[in-house]
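Before I ask anything, let me first share the structure, which is written out below as structure tokens.
To keep things simple, chains are lettered A, B, C, D, E, F, G and H as they appear, and every chain counts its residues starting from 1.
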Amino acid sequence: ARNGYPEVIYGAGKTAEQIIEIMHTLKKQGENVLCTRVSPEKYHEIALDEPNVKYFSEAQCVQLIQHEIQLTSDYIAVVTAGTSDMSVAEEAVATAQMYGNQVKRIYDVGVAGIHRLFEHLDEIRKAKVVIVVAGMEGALVSVVGGLINAPLIAVPTSIGYGTNFGGVTALMTMLNSCASGITVVNIDNGFGAGYSASLMNHLGTKENLD
Amino acid sequence: ARNGYPEVIYGAGKTAEQIIEIMHTLKKQGENVLCTRVSPEKYHEIALDEPNVKYFSEAQCVQLIQHEIQLTSDYIAVVTAGTSDMSVAEEAVATAQMYGNQVKRIYDVGVAGIHRLFEHLDEIRKAKVVIVVAGMEGALVSVVGGLINAPLIAVPTSIGYGTNFGGVTALMTMLNSCASGITVVNIDNGFGAGYSASLMNHLGTKENLD
Amino acid sequence: ARNGYPEVIYGAGKTAEQIIEIMHTLKKQGENVLCTRVSPEKYHEIALDEPNVKYFSEAQCVQLIQHEIQLTSDYIAVVTAGTSDMSVAEEAVATAQMYGNQVKRIYDVGVAGIHRLFEHLDEIRKAKVVIVVAGMEGALVSVVGGLINAPLIAVPTSIGYGTNFGGVTALMTMLNSCASGITVVNIDNGFGAGYSASLMNHLGTKENLD
Amino acid sequence: ARNGYPEVIYGAGKTAEQIIEIMHTLKKQGENVLCTRVSPEKYHEIALDEPNVKYFSEAQCVQLIQHEIQLTSDYIAVVTAGTSDMSVAEEAVATAQMYGNQVKRIYDVGVAGIHRLFEHLDEIRKAKVVIVVAGMEGALVSVVGGLINAPLIAVPTSIGYGTNFGGVTALMTMLNSCASGITVVNIDNGFGAGYSASLMNHLGTKENLD
Amino acid sequence: ARNGYPEVIYGAGKTAEQIIEIMHTLKKQGENVLCTRVSPEKYHEIALDEPNVKYFSEAQCVQLIQHEIQLTSDYIAVVTAGTSDMSVAEEAVATAQMYGNQVKRIYDVGVAGIHRLFEHLDEIRKAKVVIVVAGMEGALVSVVGGLINAPLIAVPTSIGYGTNFGGVTALMTMLNSCASGITVVNIDNGFGAGYSASLMNHLGTKENLD
Amino acid sequence: ARNGYPEVIYGAGKTAEQIIEIMHTLKKQGENVLCTRVSPEKYHEIALDEPNVKYFSEAQCVQLIQHEIQLTSDYIAVVTAGTSDMSVAEEAVATAQMYGNQVKRIYDVGVAGIHRLFEHLDEIRKAKVVIVVAGMEGALVSVVGGLINAPLIAVPTSIGYGTNFGGVTALMTMLNSCASGITVVNIDNGFGAGYSASLMNHLGTKENLD
Amino acid sequence: ARNGYPEVIYGAGKTAEQIIEIMHTLKKQGENVLCTRVSPEKYHEIALDEPNVKYFSEAQCVQLIQHEIQLTSDYIAVVTAGTSDMSVAEEAVATAQMYGNQVKRIYDVGVAGIHRLFEHLDEIRKAKVVIVVAGMEGALVSVVGGLINAPLIAVPTSIGYGTNFGGVTALMTMLNSCASGITVVNIDNGFGAGYSASLMNHLGTKENLD
Amino acid sequence: ARNGYPEVIYGAGKTAEQIIEIMHTLKKQGENVLCTRVSPEKYHEIALDEPNVKYFSEAQCVQLIQHEIQLTSDYIAVVTAGTSDMSVAEEAVATAQMYGNQVKRIYDVGVAGIHRLFEHLDEIRKAKVVIVVAGMEGALVSVVGGLINAPLIAVPTSIGYGTNFGGVTALMTMLNSCASGITVVNIDNGFGAGYSASLMNHLGTKENLD
């Protein structure tokens, strides 16, 4: 990791032991470390070994902070359609914060009750980058995309049933959006959205990433 | 056809000769006749034989009227996302009118420019039944569905490219909509939407269909 | 909820605690509440907190009634192909009843033994709206659709194996039906069918929904 | 070909010259020859070379008869849902006749107007083997399958649009049929159905095939 | 059930209690009863209530015999590619025997060691009907189909991994077979194959089924 | 269009007349106009009416410039895998330039000859935003993504055959990339990539877009 | 190209002019050149410019030979199921020969008439590498794979209809083959098979490729 | 097994008892035996019966050695993208070693950190055959393929989430690779890759396999 940049471990399919081992190495190098996709059980094992870690249960992320993180003055807005999309959104938040971004959460503003979205529109419009997280049919992405001028990163989630096909329907909705300025990441990929949003949020600033 | 109910011919894959022959039989029975999916070329052949027919080129429909159609006082709103969805919408309109329904068109109000939708919201809300026709990602259905209380019939169209998969993406969006009160028909099936809307628009009225 | 209209909670993926919390809020507002997709275990937790709820185990629905529901005189017919489709059908029934609709169940009349369908045809034909619930190949929808003139809402179920693809085959059958007057909802979406049927059943009546 | 058994050429993707050449060889061997999937244009080229051939335009088949065909006393019923399925059905008929089977056609009896099917039920029930040819949603197969006790060969056709997916929807319907006694062939495979039906129709008879 | 014809219960998704109840009814009517898709656990519950039933553990079938079954003199050959396909094959065998058919098993003769198939070719060729059960790539069907003249019913199984897609690959192989005389049933549908084979095996015999 | 922002017309499925009409309206408003997906034939019709337009034949874009465009000092790199991806890349270039971005093209640097990529790495690394356009298996995206720290917009193209599935394979490759900082647009969507890249390239600059 | 190794141009989607230009460059470098996917029309244009080229019409390949090719003593067997697979097979042959391999063709030995395969088994078994080209259900690959010990490269072709899905069915058959020693290339990729076979055929020989 | 060639048992879906039984038979014949897809639990049961077996836990393979294996002097390189692909890679290694091949492992050299690949390039280039194992987007295959001249066998793994579709995305990437000399096996098929690599590694050597 260049210049105190955090390191990220992808925790899925790794045992607590494997995660601890990688963490040790990175700790010695003085890095901040983020580990995603960590179940509560694995977290408890990790915490026994390394009590300084912090757990974000909704995000399923473990954080090890060794030097302070400087936050940007511009912020990333993280918007969700429903409460069930929150876990993926929180992975994006945890990632973005780890990379030094100020974040604002605007949750549960799906299009079935579109008035709630309009109540938060100002806050969304002031963001430098917007992440929209949605499952089921993912229509929120098109609506937000039509209302803002910032880059919008769309994250489809696997929330839904029947023909949601584990998130494929939301993904396809987002890729085919009639609104401009939208790019898309893999299903449930909160990390990827948070990481790309951070790259964009640091563009043209003193706080530029590298 | 019961009680002066119109007869419908599905013109796709039929030659002009075949259509003319079926029309002759129905004409003798005194029916009004609608023929869908008729290209301009086929229409011209048909018109040579039967000059009383009327052609709706956008809808690709041929109409033969033998007795006057009584329109309902309640109306069906037909809403489209883009101008490219118009052909499918017009098939729905032609069908609904043939079955005696008053229809209002609200076209080109897709979510990329959502203010246009809000300008027409009153007119949509006063409809007894609403048909929404959309291609690409089909998000308009969820937005309208969240704003009205009438039954909404969603028609996915094959408009788009790449991962629109010939309309499948719009269809999936509509089936997974987070708004309530939405039912769906096959891709590009304007006829089916117009027919079902007519059944609903006649419910509980003197003008009841049969 | 307008005018004593019931509120609906989608229980899947929510904990008993989350459901109880939402229910409390709605209870204070004096609403009738329906919660769908509730397992027996979750129901028992909810009942400890709120003993006035009623559980419909086949439908997997929890009901909280705070003011009496007025039933329509017209009825919705809910028709199933097999006994395995019953759970989805009951979700439709619970929803429709909650919204004040009289309902008649006609179960297990699949086309493999079509005589059973004909025995109940009169009762189906007298319905103002018909819901048909079917898994496997879903052919019952086309047969019923060809025999009635009321709007038909088709609900594919995930019942079957091999190439039923979790309900996709039944869904495709229904979308491609050669009978007219059919609209379709998502796989296993009993709630959506019940809700849309209620909108239609209230059309043109004093009991009109809003 | 054993014992005067006809030979079959699959004409698709072969030039008229290639077909003529194969036909010459078989003619010298004294065989009856059937060539399927032959366009009118190709037929005309073939007929210039070999004037004894007979063309079945609906079936798109060319026949060369060199010794008389003995027909079975039992018959195969070939049933279609719509008129557009006729071309595939005729390929089945041409094949079955070539292999010495008596055939009865019962066309255009789809479930949207199920009364027409019942008018012909006796004739279908007396068949030793039944072929059902249907596109769109293919529901006719389940209905016929529930009403008869003979082996039923189901042929999905590519007729339809949108989510018919070139016949895949009808195929899936047929494979998942809730009626017993049904087996299925590839989309538009009239030849395969006719051939298998012939094998079955000759079972247990003096006219047994080999 | 006509004339002592057995009744079949589809056990999947039914509780032991539900199966017992249906069995009681059928027992009173004096029928032979076959119940498919019964796990050992369910069987033990059923056997407590009805000790006369017999369990076929490989086939996962329960049999209740109340009057003797007369076997055909012609036989059905049931051929499998691998040992893992045996469970589906045995469902076909149990079904065919229940309907009065003599059956010969030729197992584990897949094309990777084609010599084993040739050792049994005579026995396969003497069958009146042949069922071929295969998973993975299902190539055995084409090989057997090219070597025999009897009707061949192909049963794809869900055996395999990766791109076998739960049996879809084997199914597609069978539907596209370059050999003639093959018809296909749903993935893992041993019952359907056994039932259809029985219909064919009884054609043209005194033992004719109805 | 705010502040002299260009307007974009999606030319696919519109006639030359329709395009000309929209262009007239926008011209009167003094806008710069970009029209994408315009065939040479359509361009010639348009040019007869409006001789000031300029055609970019590789990009299939028509441009109408009414006031000078100020270019950014930071640039967008547009990278392609093969020469066949050039048409999509040029649509991205035309869009980005229209929106006032300096663009550098690095074409034909696919991974089959990876040394060519390394020759241009410096130029790619100095870009503020990188667009990677690739068909077939799309692996170039992962390689470039692993080598840079700028936001990368991946554009799958429909170039390839067999299992490229019209670009779906490249799309899936890109969505599943093991490199970080990648977001994706629809297949062949050069416009969307150019537009989003422009939003990002203007972040934090005086030249900020709105 | 190292050491007189031929260069290959992928002709699909390139104009005759583009091909000629690339050929000129390679000609100056003294290379042998192969251009695949060249239609007869394009060939004629190329031949006007460069009369020394040779056209292989079945393979759709153009060859420019500038120095003699040394053939291996070991040979590659190229086996096809049907005559329609020949074009793909010939692309493999042209490629393999260009790279200095002796090739033997064994065509039209599909499993529907398996005796023909056995007649050529010795010749296939003596090959150092075997390419099997098959469309429809592709079963030939498994049969040959079970009979030989050389590496087998399987090439699915897009030959077939209905559920062959443009070659996907044959591809899946080959990937799931129960025989060992089989690897697979993309649908219709004769070039890829010929190239890989050449790499293998040169292993461990003086004629080793580089 | 010819000439002391090892025998391989596919352990998936077999009980420990079934595996032991087959092993006994092969042991009596004096063969070396490899059993793949064996869980630790099954291994322990097998080891009770046959203590001479050796277990490779990462590969999930059981080995029974009865006569010494002679290793080739040329080696097979087994390359993986990530650590999660190791289990599939080890199945390939265990297979290749069993068949007498020297193997070199080059693990965790995925394209997100491409410098690691270049550090090992010499070792990969000296291999006679290369196996590349990769999940997610599988881009490593194209990169390695572009850098070497040996035959490359690509093994897609099911590692990843969302649109990795259980390995299908990696498989498609590999089949569509723009690099030459690549052939592909089924998802997670380490055995198949090891077996085919062994066939190739023995080509043209005294150690030739049969």
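The criterion applied here is as follows: contacts are C-beta pairs under 8 Å (C-beta built on N, C-alpha and C of every residue); 3 or more make two chains touch, one makes a residue touch a chain.
Here the structure is a predicted model, which is why all the values come from computation and not from measurement.
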Original post:
Shared interface numbers for chain F and chain G above half of all numbers used, same, or below, different?
Top reply: different
**OP:** Have a look at A-B, G-H or B-F and name the one that copies the D-E interface, over half of its contact pairs being the same.
**Re:** G-H
Original post:
How many Å are there between the centre of chain A and the centre of chain H, using C-alpha atoms for each centre?
Top reply: 37
**OP:** Give, as an integer number of Å, the spacing between the C-alpha centres of chain D and chain C.
**Re:** 42
Original post:
Taking each chain's centre as its mean C-alpha position, how far apart are chain C and chain G in Å?
Top reply: 58
Subject >> Distance from chain F to chain A - Cα centre to Cα centre, in angstrom >> reply: 27
Original post:
Got the chain A residues that touch at least 2 other chains?
Top reply: 162-163, 168, 171, 175-176, 180, 186
Subject >> All touching chain pairs, where touch follows the definition stated at the start >> reply: A-B, A-C, A-F, A-H, B-C, B-D, B-F, C-D, C-E, D-E, D-G, E-G, E-H, F-G, F-H, G-H
Subject >> Residues of chain E defined as touching chain D within the complex >> reply: 8, 74, 128-129, 149-151, 153, 171, 175-176, 180-186, 192, 195-196, 199-201, 203-205, 209-210
**OP:** Going by the contact rule at the top, pick out the chain F residues touching chain H in the complex.
**Re:** 81-82, 110-114, 136-139, 141-143, 145-147, 160, 162-165, 168-170, 172-180
Original post:
What residues on chain E touch chain H, complex-wise?
Top reply: 84, 159, 161-163
Original post:
Once bound in the complex, which stretches of chain G touch chain F?
Top reply: 12-13, 156, 158, 166-168, 171, 186-189
